[in-house]
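What follows is a group of structures, each given as structure tokens.
Paired with chain B in one complex and with chain C in the other, chain A is shared by the two complexes that follow.
Entry: the complex of A and B
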């Protein structure tokens, strides 16, 4: 009971908001966060995409070790890692049960492990790279490699709105609680209480939609008066915006480091 | 004086609207004016202002006639982007105008977009002008409401426009920050020569700061006059549900027929009304018996040694309430006052059981909130949010009002719902979507939802914020009728008129502690306390204090009655 209460405290909307914002903005001081976004894009390309085409589990494991170390360096929020682990285990377990159900045997375990390893490398790479860039940096990086200004702005703006939206969601959620009636019995394994919370968690999204569109009206007008359209259509503005981005010594050294690590993995195990 | 803005026979109709919002408006505004635009809701004030930066007709494509010239630019011939360098606009919902996560970034957003290589300095200068320094790298969600408003103003200032438009600059601010906002605008106007246009309901601020007033009524400009003359038109203004400064109302009711003598500021009123020193003793006898002692009343809620903190985004704990001891009795009508951030909302939320204290206990009708889920406490406590929209969880007013009763399977609930809808004048609107109603209607709906829950304690968070004065008076009257409906009512508010007219007990919070708990007289006659807590009494109360009246007059009517009696007494004396 006490355990459940502590867990529910950890999972409150307020806590989720804090974790999300910290994941997005709070990691500016780590080694990875100080790199140029383009360096991180290259890292992501190698560790987030390449594993799909690698079938050697030794190489995959080597990659896993490297990216796990990077995740530690990036100081990723523990909550996110817990969710990731649950996801990976859940997925692997589900495949195992499904294959056993349809007449497979335990020989499935090895390929499943390989798949899980692949997914782990890819997910860790995504988390590490995106936690190390705050949305501004990500949006500037994308702008630099030629993504249109409207798209990159939306990414940064979406994150700016996140706290207010979560707050509003929270209030609506509480409105449901304050006016509704919780089930009197918790039911087996709390299932009634859980069902009740899941139901209002979903219902709380609906009132949010309209208020979002109302907010957007002012924002769009304000963007117009602040000349964002002008900015999108004038290349010199883009140049000015990105003037602070530059590859440093740190970037070159880091790229060299992870390229040589990968190369030695392939040389050793193939 | 150089003419800066000229509107010639302008009419505008939004697409799909039945009739035009602006009809044949002609108006000139000179450089360096400090202009207030007044008029009831829907009279076209915002639309008029959106003409000036070209949002109309470029952004809102409707039926547009006439000609608008701003700084010699005809708005139909220039883009919003060009006009924005001449006209800065701060919205009423300024929160949505802030688009970047960090303060300096947002302040320099516009100059950056226009390709100004010096954009960072432009942003910094703007922040300096609004006195928002030292927050450059702060995240906007860590700012208080007042600071956000200043940031929105800085964003508009960053392009160094000649003209600034601010839609309701003080609607969401506590009295201290409201004055600061106007002081900054005054400075921009006088020192930096900017033309300032505000849409404003608070005539007391207009009297203190603005120099010209434009009155609008159903899409037309009725007149433009110098402030003092404008605010003396008591009949014309009240007919349009605009309330002149309280001192003007009082002098008018006391038969000051010569319009050119009506006072509009406190100083003018103090000069007009002689001090009552000699007759003070005669009036003093009127002093009402102070509140009955609490001893024989039933306690409905208790807070014992409560400490409360919350976690900030930087994962630190911030203490908002400390050492709170408070007993709420049956029949208490409490106003909870104090500056933004003094802990008012947290105190209310503790009583709902949505949050639990770090230390100490909160008891609601004898039950400790630690051991009660908020759903059960909701039978006793109702909390009405500051933003009514956050209470609307159904798609029409009626469903929202009956939600609680239905969830509890109360027999015959529909009769009760009918009665409550009628009480709040919502019968006609009952099948409308609450979110699409006007501010005043939404507020009524949120009150109806609360009353339908039939609570022992009703908690209201800023029930009169963001409303025009006429609606505010209407809501204040409705709140007064609640006195017979519920056991105890607690209102957290900045609205000192509401406090003065309604509360039987006033609790002053300052930096998370209760620094005063007593009747309204004990608060409003204590200058030191008002100063510390940043409270500003209603103008009429200030006047009666300056005139050393006793008891103090809390409303214009109180003042008029007391003054008439005093005059009668003096008639007897002489």
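Entry: the complex of A and C
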């Protein structure tokens, strides 16, 4: 609980919002961000899927080292890393406790560590790839590999809107707290306070639903006037829109680099 | 009947509005639930699993299909991939199961002002989703993963844990974060939120029998999707074993096999890269860009 309290002190909503915006737009200058989105998709495909099929700890560790270096390069926000670590530790610990509880012994630690390593590689890959693309780049990349235009637009839009939505949600939440009356007693294990907060958290979505639907309408109408809906369904328009995307020398070299890295890992440790 | 059809006749842009709305709101709520700390009581986890009331409300008020798929996509992208919690094939199971559950919940409500109907639909949605995921998780252990058998206690414990988390999710998250908020929100939003998207509210004077809704197509489709969900989840676990089996057959050659194939792959990749670089240089890139800008 002590740890959780410390965490929550650092974790103000303002901070979260800034981190989110940073994730979306702040990393344009890193090496990975200058690559073509498709290169990043290939990277993700390899490091996000392959670990499931690998049982060799050394290879997994090698992959982990590589992807951790990439994460450092991509300057991923610490908040997201913290959430990731908590998630990984939580899941591993959960299975450990559970199987100890039902009469397993400590021999389970090793497979669990392997599993955690696997999950870490996969998660880091997804974080790295996503943080190195701004919403527009992501949506263009997805469009290029054949995802329908409506979906790619929605993804980019959601990506862009999340920080402001979070802020709005926070405002609504605060105004509910301001006008409402908090329970006087905390109750056993703070349950009254928790129940109160949960209630407000749910109620705050009511105004948000209304304002968000207004916003959705404005957005789609703006899209219509720009002719985007026409563009989604016509290949020529799409081609024109995506004409700027091209593999550069950097992309080829990078692909070659991580393929040869993976290959050497397999050669060394099998 | 004609009015029922009218409800589904949304324009392309209206569908997109529903999609965007559902995706961003559910994505936001997922981010919030992800940030809220969980409480553990021994092996048992008390947590806010999800704010299911958002997709439920939207599915009941709008076109269920677009709202359901939008919510699932929002969850996968903002709750999972962006925060690095993506689990590969297993996510497809979640995606399908969740969309299916929300869709069924949305389509089974005839009158959004009728609180009992809304409540039943909300609980149905949660139960379908949780039941599919619990069954999939249990079957996964019973059928697929033999390594876990070697560890004493794990197989039983997973069944118990899954059973408990099913009950926990349905009774705790389900009632607190699906049933109550949905019953509260749907009648209040009905008639208010639709004009904001430029649509008419659902006409509640139309009544159609349960048979119209739960037609054979929906049931068959549901079962098919549930099986598909299971398949993906199973694939995510046993895909590992499949590959291993293959290698067991050729165990003597396996090292050479792997090394050789990787070598070949590397050579092919190298050659392709070289060729592409060369081909890339030939047409002058600047000319292309001028064409675009002009």
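The rule we apply is simple: the second predicted complex is superposed on the first by the 238 of 270 C-alpha atoms of A that agree within 3 Å, B and C clash if a C-alpha of one lies under 4 Å from a C-alpha of the other, contacts with A are read in each partner's own complex, and residues count from 1 in each chain.
The criterion applied here is as follows: contacts are C-beta pairs under 8 Å (C-beta built on N, C-alpha and C of every residue); 3 or more make two chains touch, one makes a residue touch a chain.
Nothing here was measured: the structure is a model prediction, and the numbers come from that model.
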Combined model on chain A: chain C and chain B, fit or clash: fit
For A:267, select first, second, both or neither according to whether it touches chain B, chain C, the two together, or no partner. second
Between chain B and chain C, which makes contact with more of the residues in chain A? C
One more residue to check, A:25. First (chain B), second (chain C), both or neither? first
Of the partners chain B and chain C, which touch A:177 in the superposed model: first, second, both, neither? first
Tell me the contact category for A:84 with respect to chain B and chain C: first, second, both or neither. second
Looking at A:155 after the superposition, I want to know if it touches chain B, chain C, both of them or none. Which is it: first, second, both, neither? second
Would you sort A:130 into first (chain B), second (chain C), both or neither based on which partner it touches? second
For A:53, is the partner it touches chain B (first), chain C (second), both, or none of the two (neither)? second
Nearest-approach distance, in Å, of chain C Cα atoms to those of chain B in the combined model: 5
In the superposed arrangement, what residues of chain A touch both chain B and chain C? 157, 159, 210, 214, 216, 219, 221, 223-224, 229, 240
Chain B to chain A touching residues, read off their complex: 53, 55, 59, 80-81, 84, 88-89, 91, 93, 95-102, 105, 109-110, 112-115, 117, 119, 139-141, 155-156, 310-315, 352, 354, 373-376, 378, 382-383, 385, 387, 389-393, 403-404, 407-408, 435, 449, 453
Parts of chain A lying in touch with chain C, wherever the complex brings them together: 4, 7-8, 11, 16, 23, 48-49, 52-53, 55, 80, 83-84, 87, 90, 94-95, 97-99, 101-105, 107-108, 111, 119, 122-124, 126-127, 130, 150-151, 154-155, 157-159, 161-162, 165-166, 169, 198, 201-202, 205-206, 208-210, 212-214, 216-217, 219-221, 223-224, 229, 240, 243-244, 246-249, 252, 255-256, 259-260, 262-263, 266-267, 270
Going by the contact rule at the top, pick out the chain A residues touching chain B in the complex. 14-15, 17-18, 21-22, 25-26, 134-136, 156-157, 159-160, 163-164, 168, 171-172, 174-182, 203-204, 207, 210-211, 214-216, 218-219, 221-231, 234, 236-237, 240-241
Chain A contact footprint on chain C (complex, rising order): 12-14, 16-21, 23-25, 27-29, 31-32, 34-35, 37-38, 40, 42-43, 45, 48, 51, 53-54, 57, 70, 73-74, 77-78, 80-89, 147, 151-154, 156-158, 160-161, 176-177, 180-181, 185, 188-189, 192-193, 196-198, 236, 239-240, 243-244, 254-255, 258-259, 262-263, 265-266, 269-270, 273, 276-277, 280, 285, 288-289, 291-292
